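Working notes, beginning with the structure itself.
Letters A, B and C mark the chains as written, and numbering starts fresh at 1 in each.
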């Protein structure tokens, strides 16, 4: 079932006295319930702008965006949309409202007017989902970056969304924090069937998704499984993106005439493929 | 001859409080002129404390930091002079921009050094060139630039002081692949042109593998390894035990070796790996 | 370092004092701060101290922590004590040497006032140590809710306080970082006259303001993403219910007040 749908979406920033600045042009994309989609693109490709359309933080200047039955431009349903599509932002410090972890997680449901006893249940459950329950009465500013970001995810989960949109959630974290956040996102998708839209410019993270959408200059230029997308090494390069190192290695060898498959993605893939060729040569 | 070295450097935070924490534990390392050293280690390993000691932002609780053989704290009042000679670019340096124009911001450091106006002008333009900043951008407000450009202005601000040792803390954090490659290339080019010493603190093994000649690995406030990049990344197991991931290509080579394939020495960049594998794999193609 | 500041710190726990209705706690502690100035004799003061001691015991916090709160105002206590000792005379003379004239009355007064100040500080620390900042602002919001009738937006005020409390440590850390960064560029923040020093702060203050605005902007987006729309229709996870123990506590403050007044009437004043 379709959960998110952008139909010929275009968006431009109004610029007083000058021409408006176009950011998105004719973007059409659907995300089904339970999908894990990574949106990949360099800075300024329009990927964050697209993300902000999915929870009505921005409204299209052309075309439309649908969340389930609701058109995001319909003011009456703006809070339904924001509750259904939970958004996690880049800077973990700037999205926690309260000093204490559990009070911060409660912020969303409180805004929704949920019954107090129910809020307490939701906070418990959400903190458990991100593995932060033991920290419930800790001070938020003393946590590590990865922990803060997990609390931010819990804060969104407590609103009981159907979908998580994460806008470069790991960009400011160290490798450990990045791992924690990625593991949490993946677990939510696999075990809870949570629909995930992950905005990123790290190809290793995009490779963990089921589907990769590549954006450049406000348009979608590629859409497919990670294997399909990363096989097009030259094309990704041309839009200022990288490919994972194992893919890159096999690509270079293939250009030099070694018969390797194009869809190598992980270290294991590369070992497998290279071993097969090597063993064939001796 | 070492430009900068530490002797039994120790640093303990919050002495005699319940929060006492040893950040550096008898660290003795030396950096030679023209070295480009990558400093790695997970968060809390002491690498940030170490670099802040090197330019006198923190004072050691024991041990010494020697700049050209002289203890930097021998004359505590002259610590500002030390900071001119050991430049430091902090994480997210664009957050420290404050002047009306990029030119003025880059000139802030040289001005504090008390240089002549001509000298400042020459240095600002040179530093802007190092980081590939268009001269037309110099008259713009730094707050009107893109994220990547801001970062480069901030780095130029420290380069313009022409320090003998340049320390960069996570200069590529938050940049996209293109921005990251540009900055790393510029850092290398800066070193090649100036023969100054560059220390690059990074979480990214790939960045360090590509850019640095030597790698210093910190763990629990101690030096876990300090050797050429090649040697350090050949100890993939040790790095793994320290909670550090080796580059993915290195893991490919480890995987091949585990399968009994004699791939020879280690590779830590894609180019190296392709070069090492090609002769063997070609044979099959030719046969 | 700036980050060592601990004023207003909260120590989570589940003691009777932690679990008390924050409105009651706020009222009782404010009342206590006023009541501490009622007694004019040692028995009354002793009663006040005993009352405070009971509060400390109920908080379950270590005494070490409680005494740490007095440290910052120690100079103030010492100065007032010395002033009292030297300048107030009455009763028997203890020391008479040149111009120094110390009397039992002066010492008594000094001790009396020192005890008052200490009790006042410990009392207010008990409030912040056992109540999370959000709960505190929450209680204030509810206590001030009658002001809504005067078209004062009490919810917004309390939201601002919550956010301010949340971001103070973050901005202190940020200031530290910017100061270090500018120092490495040769900024001299430590020497020179007043004008020079203020000028030297510009490279710190501008980035700090820019950062504060950026954070405010991000936070506003994050709050909107989490469906924030002001106080209307908002619920609270932590419901405030007056329990029997809360009434007992409120009652105890009334009893204390009555007892202090009675003692003042029955016993002569020990103060001069």
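The criterion applied here is as follows: a contact is a pair of C-beta atoms (placed from the backbone, for glycine too) under 8 Å apart; a residue touches a chain by one contact, two chains touch by 3 or more.
For clarity, every value in this text was computed on a predicted model and none was experimentally measured.
Student: Report the chain whose CA-based centre is farthest from the CA-based centre of chain A.
Tutor: Greatest centre separation from chain A goes to chain C.
Student: When the contacting C-beta pairs are counted for A-B and for B-C, which pair yields the higher total?
Tutor: A-B
Student: Centroid of chain B to centroid of chain C, CA atoms only: how many Å?
Tutor: 45
Student: Taking the mean of the CA coordinates per chain, how far is chain A from chain B in Å?
Tutor: Once rounded, the distance between the two centres reads 30 Å.
Student: Quick check: in the complex, which residue numbers of chain B touch chain A?
Tutor: 42-43, 146-148, 173-179, 203, 206, 243, 245, 247-249, 251-252, 255-256, 259, 261, 270-271, 273-274, 277-278, 280-285, 287
Student: In the complex formed with chain C, which residues of chain A make contact?
Tutor: Per the touch definition, chain A meets chain C at residues 55, 57, 79, 82-83, 86-87, 89, 91, 93-100, 102-103, 106-116, 119-120, 123, 137-141, 152, 155-156, 159.
Student: Show which residues of chain C lie in contact with chain A when the two form their complex.
Tutor: 10, 12, 132-135, 162-163, 165-166, 169-170, 173, 214-215, 218-219, 221-229, 233-239
Student: Would you tell me which residues of chain A are touching chain B in their complex?
Tutor: 42-44, 144, 171-172, 174-177, 201, 203-204, 240-242, 244-246, 248-249, 252-253, 256-259, 267-268, 270-271, 274-275, 277-281
Student: Please give the residue numbers of chain C that touch chain B in the complex, ascending.
Tutor: 177-178, 180-188, 202-203, 206-207, 210-211
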